[in-house]
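Chain nomenclature is as follows: A, B, C, D, E, F, G and H, assigned in order of appearance, with residue numbering initiated at 1 for each chain independently.
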Amino acid sequence: MKQWNIYLSGEIHTNWRQQIEEGCRSLPVTFTSPVTNHDSSDAAGDHLGHIEDSYWRDHQSSKVNAIRTQTLIQSCDLAVIRFGEEYKQWNAAFDAGYCSALNKAYITLHSANIIHPLKEVDAMALAWAKTPDDVIKVIEYVVTPK
Amino acid sequence: MKQWNIYLSGEIHTNWRQQIEEGCRSLPVTFTSPVTNHDSSDAAGDHLGHIEDSYWRDHQSSKVNAIRTQTLIQSCDLAVIRFGEEYKQWNAAFDAGYCSALNKAYITLHSANIIHPLKEVDAMALAWAKTPDDVIKVIEYVVTPK
Amino acid sequence: MKQWNIYLSGEIHTNWRQQIEEGCRSLPVTFTSPVTNHDSSDAAGDHLGHIEDSYWRDHQSSKVNAIRTQTLIQSCDLAVIRFGEEYKQWNAAFDAGYCSALNKAYITLHSANIIHPLKEVDAMALAWAKTPDDVIKVIEYVVTPK
Amino acid sequence: MKQWNIYLSGEIHTNWRQQIEEGCRSLPVTFTSPVTNHDSSDAAGDHLGHIEDSYWRDHQSSKVNAIRTQTLIQSCDLAVIRFGEEYKQWNAAFDAGYCSALNKAYITLHSANIIHPLKEVDAMALAWAKTPDDVIKVIEYVVTPK
Amino acid sequence: MKQWNIYLSGEIHTNWRQQIEEGCRSLPVTFTSPVTNHDSSDAAGDHLGHIEDSYWRDHQSSKVNAIRTQTLIQSCDLAVIRFGEEYKQWNAAFDAGYCSALNKAYITLHSANIIHPLKEVDAMALAWAKTPDDVIKVIEYVVTPK
Amino acid sequence: MKQWNIYLSGEIHTNWRQQIEEGCRSLPVTFTSPVTNHDSSDAAGDHLGHIEDSYWRDHQSSKVNAIRTQTLIQSCDLAVIRFGEEYKQWNAAFDAGYCSALNKAYITLHSANIIHPLKEVDAMALAWAKTPDDVIKVIEYVVTPK
Amino acid sequence: MKQWNIYLSGEIHTNWRQQIEEGCRSLPVTFTSPVTNHDSSDAAGDHLGHIEDSYWRDHQSSKVNAIRTQTLIQSCDLAVIRFGEEYKQWNAAFDAGYCSALNKAYITLHSANIIHPLKEVDAMALAWAKTPDDVIKVIEYVVTPK
Amino acid sequence: MKQWNIYLSGEIHTNWRQQIEEGCRSLPVTFTSPVTNHDSSDAAGDHLGHIEDSYWRDHQSSKVNAIRTQTLIQSCDLAVIRFGEEYKQWNAAFDAGYCSALNKAYITLHSANIIHPLKEVDAMALAWAKTPDDVIKVIEYVVTPK
């Protein structure tokens, strides 16, 4: 039976990942994610060398994070991309564009408040979910063998 | 002599495109862009059928806009992706991810105020420019035959 | 020993899938399929939001179904694409074109009555089978180690 | 200025191609098409050898037609895919699937009567047009430089 | 109007290329070919260094020839691949396999005497022509605008 | 430990495959092959329909065989391609071209008598072996972990 | 849990590979490498035929080594590319370029003395590590599930 | 007539590029190159922001240079890659690996003194030239229409 490999991209301040993982416990799915600890993620490259300038410190850490995120996206079957209402979350939109260019299926997860700024990202998504429970229902539907 | 095809993605409320086009007038470059009139862009699909629901109205218009943007990005040599300080501009980050997956060079253009939220987008960019003039200098440098 | 991953696309009103799966029981093959329950398939996206307009209701459900079908086709070794004599079944022909562009082998399964309208689809197929038993014989032949 | 290369796929019994070409006369577009003369198309391979069996006669002709259609689709920027209400037109749906796998933009053109059987084809299209005039408006919008 | 770029691969001992080029004089086509002078081709790498061993002399020349053939095949729209009845002509079959993997259309040109050993090459071809005149008719058919 | 998947293409009249499989028994390799029974291979498509004409009978069988060969080549890590001194064996050269276009490593196996006609095929190979024992040594070398 | 496949490219005169493998013992990673015994590597093709000329002897051996290296790089998730301060090590830079074209993540490992000549290689790397311990920390960070 | 687009990569301290361009004056070729002024190249990113740290200054400039080099390599038909006897020239080897992964033809140009460290780079090249004149002869041979 096919094991689906699902990448959970985006917002890190709520427990949406845990809810989805919980709700899919009995399904043939494996989840992967970026590092979701904000401080760890920002410091991902710090041990490679201290950098005063904030642009290049961020640059170094982002590239280290990209080792993880780029590789996991390239090998996933499906991505779920979560946008909270706060913050810019440009990395999440970047991941959506990356998936789209590779013809890789992705679902967006966000509230109705931000549908207008997300219209281009949603246009290429294969589903828009408003809640983690919506996502769980989609996953259950698509991964359950006939 | 190679004619460079440069796609100008992102923010539509300032005249950064005009500045770049002006500054590159004597170079072997052609510029393309998304439709930059906000109202036209939002209404891009309206003549295909009236839709009450704002999500699906946006969906229809975004897909029409994608005919233009996806095709122009796929055929460009270089993209310049502009982030203003306001607005979400997730479409711009989406374009950056799309370019990255295709191994297509892109430059970001944004102020220092937003380097932290743009760190993943900048990490895959081949240059970060703070002003249109910076972009012009990069373009001049890269397109001028030896 | 290589396990072949075979996608069964198309008509959902007869038991051709069961016949093939039954007949291949002893072979190193795994079968995948779209959701074949007509009502479930049409309603695939309904829990994401009620839509009056039939075009957009279909659109939402079709995209959810595409998460499954596009991903399974991308990862299959071989597709069997069944056309019944009734109905339009444009999705089946769409799957054939998708396979062809990816250089992925597919077999068509249909009666002699519809060979003329299927000529372009058959031209790119690697075999035309008239019965599930024909398909079983092809699969047995191609997957059995020397 | 970018010259758009647009492929017109599908139905051959009405003059929709002429209408679109007429309406786009002043735009930077070039149109290509399959051979649209039904008898010529069916006989495309006949001079390569007479074949009694209708399946193989069709096969031979379809492959000759594929030299044209596959090559033109691979090199187009955009496809318009027309479905009439009669006939199977599986070749048109095949072309849509082919475009989708290559991440190539396509528009469907069909009446509201057949939206349900075309839902999978429409889901991956970037626009659904009901009339040639709708198509012309979309093309004008997407190809006109900013 | 699209200019078709057609690569003429294979046998070099008869004037089939000239016949085809002559017959297509009025069509929007450009022809390319490998170097067809046998001695020049065998000596293609000799000026890079004298090699006693026949395997490595052939190796050096074949690689130089591959600069031309591989690049021209990668950029052609269609290949015509000619097999004479004598000689091994493995390079021609190699070119057919190369085209097939890239989903590039090719036509074979050979007599009926060798259809059995060419069956795998013909299976992936989009047409089998017996004479240069057959090829000309196919080319005329596929390149003539509707 | 990586399991190498090796495809054995070409000549079917000697026991070179058995010798290689025997010699690699203790290595982390799996071998796949086309159907090597000449009569079975020629008749691969016969049960799909009787065809008088030898070209189309061959065509039908070759396409069925291609389901196996194309899929196995696409998923192999390495191909060994054997040319005997007799017969045309254009299918073997076709497989070499297919591998080359996909940047997939292949080794040729043939005697010194035919190095001149195989020069283009050898030029893109990563090794030329004269005997099955040569091939075994290469495989042992490349698959043994450091 | 995803098992990461990591390719260790480059310098063979120090024990950096052992240090990294040791340090990653408890992580879900598998390491692959080129043949790191200098003499074996130089002689990789010798059993295929004795060659006087040093260029062609090297050529033959390098191609045999490429069977291993090209295949392992194509299937790895991440490459670590080590440059010592001595020797040319152009093969290591070649591997970096190969990874870059495939959008495959790689880390460089080298001292600060050679950052200027490695600037183009580092520019496309996702991290620069100065010591094996730096590499271990990056690997631990990127492969540890959230 | 096909215009060949040839990229000249590598060493910048001798006039090999001028010699080749001179020698090919009457051929249908266009040459492109990286920026070959050492100081300009090192300072390519300086106007984007002053950086004390030499690693990040180099990083910024290398990425700007990559806009040019990556784009020109992706669109060339053939690359000539020159290695002098001094300096590390890892960027040249990087370009070779990049070409190889894209199946793009390249020629190396270097003296016999450095064939051993260049053996992996030469193995994937389609020719090794010792002098600019050798390169000119190869180019003349491959681009001259039959």
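The criterion applied here is as follows: a residue touches a chain if its C-beta (ideal position, glycine included) is under 8 Å from a C-beta of that chain, and two chains touch if they have at least 3 such contacts.
Quantities reported herein were computed from a predicted structural model and do not represent experimental measurements.
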Legend entry - Copies chain E and chain D - interface residue numbers shared by over half, same or different: different
Legend entry - Pair of chains joined by more contacts [C-beta pairs], A-H or B-G: A-H
Inset, instruction - Could you work out which pair in C-F, D-F or F-H copies the interface of A-C, where over half of the contact pairs coincide by residue number? - result: C-F
Inset, instruction - Provide the C-alpha centroid distance between chain B and chain C, rounded to the nearest whole angstrom. - result: 39
Legend entry - Distance between chain centroids, defined by C-alpha means - chain A, chain D (Å): 36
Inset, instruction - Using mean C-alpha positions as chain centres, tell me how far chain B is from chain D in Å, no decimals. - result: 30
Legend entry - Per-residue multi-chain contacts in chain B, two or more chains: 49, 55, 59, 63, 66, 100-101, 103, 128
Legend entry - Residue ranges of chain F touching chain H (in the complex, touch as defined): 100-101, 103
Inset, instruction - Going by the contact rule at the top, pick out the chain B residues touching chain D in the complex. - result: 5, 17, 30, 32-36, 40, 44-45, 47-49, 60, 63-64, 66-68, 70-72, 74-75
Inset, instruction - Sort out for me which residues of chain C touch chain D in the complex. - result: 54-55, 58-59, 61-63, 65-66, 69, 83, 87-102, 112, 114-124, 128
Legend entry - Contacting residues of chain A [partner chain H, same complex]: 49, 51, 53, 55-56, 59
Inset, instruction - Give every residue of chain F touching chain G within the complex, in rising order. - result: 1-2, 4, 77-78, 103, 105, 107, 125-130, 134, 137-138, 141-143, 145-146
